[in-house]
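So that we are looking at the same thing, I have put the structure below in structure tokens.
When the chains are written out, they are named A, B, C and D in that same order, and each has its own residue count from 1.
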Amino acid sequence: MIIVMSPTATQKEIEHVIARVTGAGLKVHLSEGKIRTIIGLIGEKKMMAQLPLEALAGVEKTISVTAGYKLVSSEFKNEDTVIDIGGVLVGAQNLVIMAGPCAVESRAQLLESARIVKEAGAQFLRGGAYKPRTSPYSFQGLEEKGLEMLAEARAVTGLKVVTEVVDIQSVSVVSAYADVLQIGARNMQNFQLLKAVGKSGMPVLLKRGIAATINEWLHAAEYIMSEGNYNVMFCERGIRTFEDYTRNTLDLSAVAALKNISHLPVIVDPSHGTGLWKLVRPMAKAAIAGGADGLMIEVHPNPAEALSDGNQSLTPENFHMLMNEVGTVASAVGRRMA
Amino acid sequence: MIIVMSPTATQKEIEHVIARVTGAGLKVHLSEGKIRTIIGLIGEKKMMAQLPLEALAGVEKTISVTAGYKLVSSEFKNEDTVIDIGGVLVGAQNLVIMAGPCAVESRAQLLESARIVKEAGAQFLRGGAYKPRTSPYSFQGLEEKGLEMLAEARAVTGLKVVTEVVDIQSVSVVSAYADVLQIGARNMQNFQLLKAVGKSGMPVLLKRGIAATINEWLHAAEYIMSEGNYNVMFCERGIRTFEDYTRNTLDLSAVAALKNISHLPVIVDPSHGTGLWKLVRPMAKAAIAGGADGLMIEVHPNPAEALSDGNQSLTPENFHMLMNEVGTVASAVGRRMA
Amino acid sequence: MIIVMSPTATQKEIEHVIARVTGAGLKVHLSEGKIRTIIGLIGEKKMMAQLPLEALAGVEKTISVTAGYKLVSSEFKNEDTVIDIGGVLVGAQNLVIMAGPCAVESRAQLLESARIVKEAGAQFLRGGAYKPRTSPYSFQGLEEKGLEMLAEARAVTGLKVVTEVVDIQSVSVVSAYADVLQIGARNMQNFQLLKAVGKSGMPVLLKRGIAATINEWLHAAEYIMSEGNYNVMFCERGIRTFEDYTRNTLDLSAVAALKNISHLPVIVDPSHGTGLWKLVRPMAKAAIAGGADGLMIEVHPNPAEALSDGNQSLTPENFHMLMNEVGTVASAVGRRMA
Amino acid sequence: MIIVMSPTATQKEIEHVIARVTGAGLKVHLSEGKIRTIIGLIGEKKMMAQLPLEALAGVEKTISVTAGYKLVSSEFKNEDTVIDIGGVLVGAQNLVIMAGPCAVESRAQLLESARIVKEAGAQFLRGGAYKPRTSPYSFQGLEEKGLEMLAEARAVTGLKVVTEVVDIQSVSVVSAYADVLQIGARNMQNFQLLKAVGKSGMPVLLKRGIAATINEWLHAAEYIMSEGNYNVMFCERGIRTFEDYTRNTLDLSAVAALKNISHLPVIVDPSHGTGLWKLVRPMAKAAIAGGADGLMIEVHPNPAEALSDGNQSLTPENFHMLMNEVGTVASAVGRRMA
């Protein structure tokens, strides 16, 4: 951390700042310019984080030089993480495809969806049993009954199950049915929940918060990993910007950024990322060409009958086309469809 | 809701859309322009929300005409809500001032803070016992011990206590010690938590999510009210924008907007809203002049020693100045300091 | 356009609104719901745009049903536009690559850059002779001398030249030297300049404004086209969001969106779009996989010596790698490197 | 400026960076931490700005310590600037009120507007003769005829005239009629225009760009001042965010920020800032309470007949109320209506 003193800071103020930080066990590196004095701090990041330095007299601002995370960083582990989920590898050469309806609506709808996505080549079935909805009057999910249907679909098709967990109470019940716990965008900074899924030891798909910086996202993963659970996947699903043609702005540069900063796998969800089914196929291809390790795609046997997000769901036909097209792009960047 | 058909929609597609919505029990109002057909829907909003109309062939887009909330709306209740919290009225002519440290750090710090803010004229003591923090390595709060200290400070000073609740588990323990449950920005769409505080019957201070639209915020309040708890206050605390000089962009126009749309009281937190103590006083005055019912202000006996957010906390001297200045502005807009 | 009347609107207010719009020559379509009356307008868009309907008593809001542009729309021209620039086709099966330094710095630097990008397979040389810079104290470009160097580089290599025009005065001088006029992000809504390049008849590369919606971007192109100049290319170069790891957020979904809405070609600039040379190659591949018709890439013989944007420029070696990788991805989506 | 080297930077890379910056005439201050080496640069900011340091091998990032502007800064001039515009002082104790229609529509409309705002106490008449509009099909202004009407209204009422200049060509004609040149939001980074109004010597009202940071805004003012024209006023008019209830998000904290950073006066435009006439009065009061030196308000004799922005214009009655209310708030913060 660097402390930039104000041009009007007095010698006494500078000395007080130095006394304060050395008193906290940190070392100091002083640089006196013509206009300003700059004080570099050397020592434990954690200690620096707890000093309210900008409140000291004469301090203009402080600047962080290093990141606040550690376990997620490729400086800490310089080899890409591959997560083995019952034999399906995430982060290896083969892409992983997670597909299915937004919400579990009925046994018939889910089994039909599972059959379709399995046949098209997906390895994971997605489907929400607990649905966070903006309005209290919208469909909120089938809850444990939905989990049972997901487990049945897995038994029938062999697909792995990824589904959202929305509170601490349901971590154990969702863990009993699912292969991967999904943390939704609205819960990316629900730190109690992050700690709970960290303790569960289950593989976690961590969606990016709708207004989360990459830096905050990395810290959210650090919460999970600091509980000893290293099986974390990022999922880019679009951020909120001023643009309103798309539901969100899918930030594919975040994929390339994460690949530089971290060793963890990155999945892309172009369905939520765009909110428009016509944009899902081109963005799925773009995601893979840009380095993503897999995709999460909403597919519905009949989008026009869906209870949730039908506008962004692909028909089975469109999903088949997507799988073929993505497979071709995958080969062009040294990846493979399983 | 209005369905805008594509200019290339066929007669058959139009008929299919009509059949679909009338089949769901809605009435239809047809308007055939030279270029496009437009279909108006009349009936239950809830029913419309569950139809994935944009997935139907020939549909270009759908447009919501009416809001999805009800209980929060001034159309539903056209008289401003005044909440009585142990004799302190929120939303009445008198302003309410909630002040104190960001986090409860120690008994001494809290009692000293309480004494200071009480003396300066505040009615509520704020202070976090459970602290959501971006990094798992930052100070996370004193938890129940912090709540005990808050209760002691109340006993000594007579101040009411407002403090954050971060998960469902702690709703009952926080309710046992606090007068108002605060929902933090990161939890504004933690719907399980909203339902839980709704069921608790406790007065709730609902902070705006960092990237929440006013519309989503109103729906979040609707979650609480739809559980039968009508004691909800909004708290504007800044939104995330591209501007990085301030920590957040304090959106005071949201105050005026809420006063038009809703009957619930609105509090403003210029400390988190700006992140810079030098901006707190001017923005506090602006908030009151713009129609806010009260303020939430971070005050610390010694900001330079604070464990959290010291950079935005006021010293006791600055808080005194703020109270005097705000009092003068309050008179200018027909309000009063208590 | 649709007028949504307030639930409290009186019959008289409704009649006044109707009188006002029919008085302006528009037809009206009335829909009376249980709670609200909705008035649909039929007629000339232009006329509607000039009525301040929301200021009429009883009006809650107005909703636009159709877009305000025409010539840019694929409803107007349902066949993709291919622009022939001295024999190089933009928008056809072959991708176009525009590459070169951010700024023209010297004759030697530019000729060396031109040689490098030509050899690697580019068709266009980019390079700024007029440079809009945030600070008045930064390097502002070589102006006409820079244009002469660009023309010399074209004579030597056969590359076409694309360069920015920053004001009306220089449209004619830039047109004398360049093959394509670039409108920079800061000038996307400099309407006088848009009209001037429209009148010039020159091919125009229209960069997206840093906070421009897709809708505003389409209207900016409409300004150029409404002067009779149909040779317009869009260039996505990143938008401003809260994310600060990247310089901008490259919005690749805008490419897919434009391909749905418009018939004009779309180029992507991942150099400005990310601001980080390490992210340029993955995002270039993503752009092509997502449907872009070409790329604009910053290449510098020696980025560490560049006077502008060295941090996002590729070395010759990296640009060669990009060209190879993009070529492979192009084949996977039915496109070709020239 | 500070250069943060990567943890994996070699000794040779560090030496190369040092050689590069010392070769450019800068001094270096070295700080070797356990993990990283940090290099502080001392010398001319301008020189640093031209070095593409992040492109050098081993460099992780660079951090600016000081601002790139000078003349606008209160470090450069620590006394508030008061601009004398024909006897009306801007930035002094008296507030200035600029009011009038969005666009000059006709002689009758303008003279009537001028009379109304004069009578209510305004000192400036606003009104656009050149109108930048998103769509080429919207009303574009009366141009020089509009300027003549503004001058006539001045002759009749004694009001000063503030009106927008949209390109270099019209700087001289607008200067011939107006007292203050307004730079609109879309032109805040039209650097050619900034230089031209700088050279004109006329007082300039510099509106904030719709997505401009405070830092960029300060630099835009620096462009004008670096031409020797020190008569610059800022005008906050809302920024673009995700919120869509309001047309823009009026950033009142920018007023307080500018008052800390700069010595120049700050005006607030709540009409464009909110886009909703119902929010104009509360936000006008908030602006003054927060420290603004004046207001720019859209007033129309009959908003329902306006050709532009009628939805955000005040009626004469509402403007009178605003003036009274703002006068009361002004007194509460030590200011006065003239």
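Quick notes on this one:
Just so it is clear, contacts are C-beta pairs under 8 Å (C-beta built on N, C-alpha and C of every residue); 3 or more make two chains touch, one makes a residue touch a chain.
If you're wondering where the values come from, they're calculated on a predicted model, not measured in any experiment.
Within the contact network of the assembly, the step distance from chain A to chain C comes to 1.
Here chain A and chain B face each other with the same set of residues for the most part; over half of the interface numbers are shared between them. Chain centres computed from CA atoms place D at the largest separation from chain A. The distance from the centre of chain B to the centre of chain D, with each centre set as the mean of the Cα atoms, comes to 31 Å. The distance from the centre of chain C to the centre of chain D, each centre being the mean of the chain's C-alpha atoms, comes to 26 Å. Averaged C-alpha coordinates give centres for chain B and chain C that are 38 Å from one another. Residue positions 211, 240-242, 244 of chain A are each in touch with at least two other chains. Against chain A, in their complex, chain C makes its touches with residues 211, 213-215, 239, 241-246, 249-257, 259-260, 273-274, 276, 278-279, 282-283, 285-291, 325, 328-329, 331-333.
Residues of chain B that touch chain A in their complex: 20, 45-46, 49-50, 52-56, 68-69, 132-139, 166-169, 186-187, 189-193, 210-211, 216, 219, 222-223, 226, 240, 277, 303-311, 313. Against chain A, in their complex, chain D makes its touches with residues 2, 4, 7, 29, 31, 33-36, 38, 40, 42, 63, 65-66, 75, 211, 240-242, 244.
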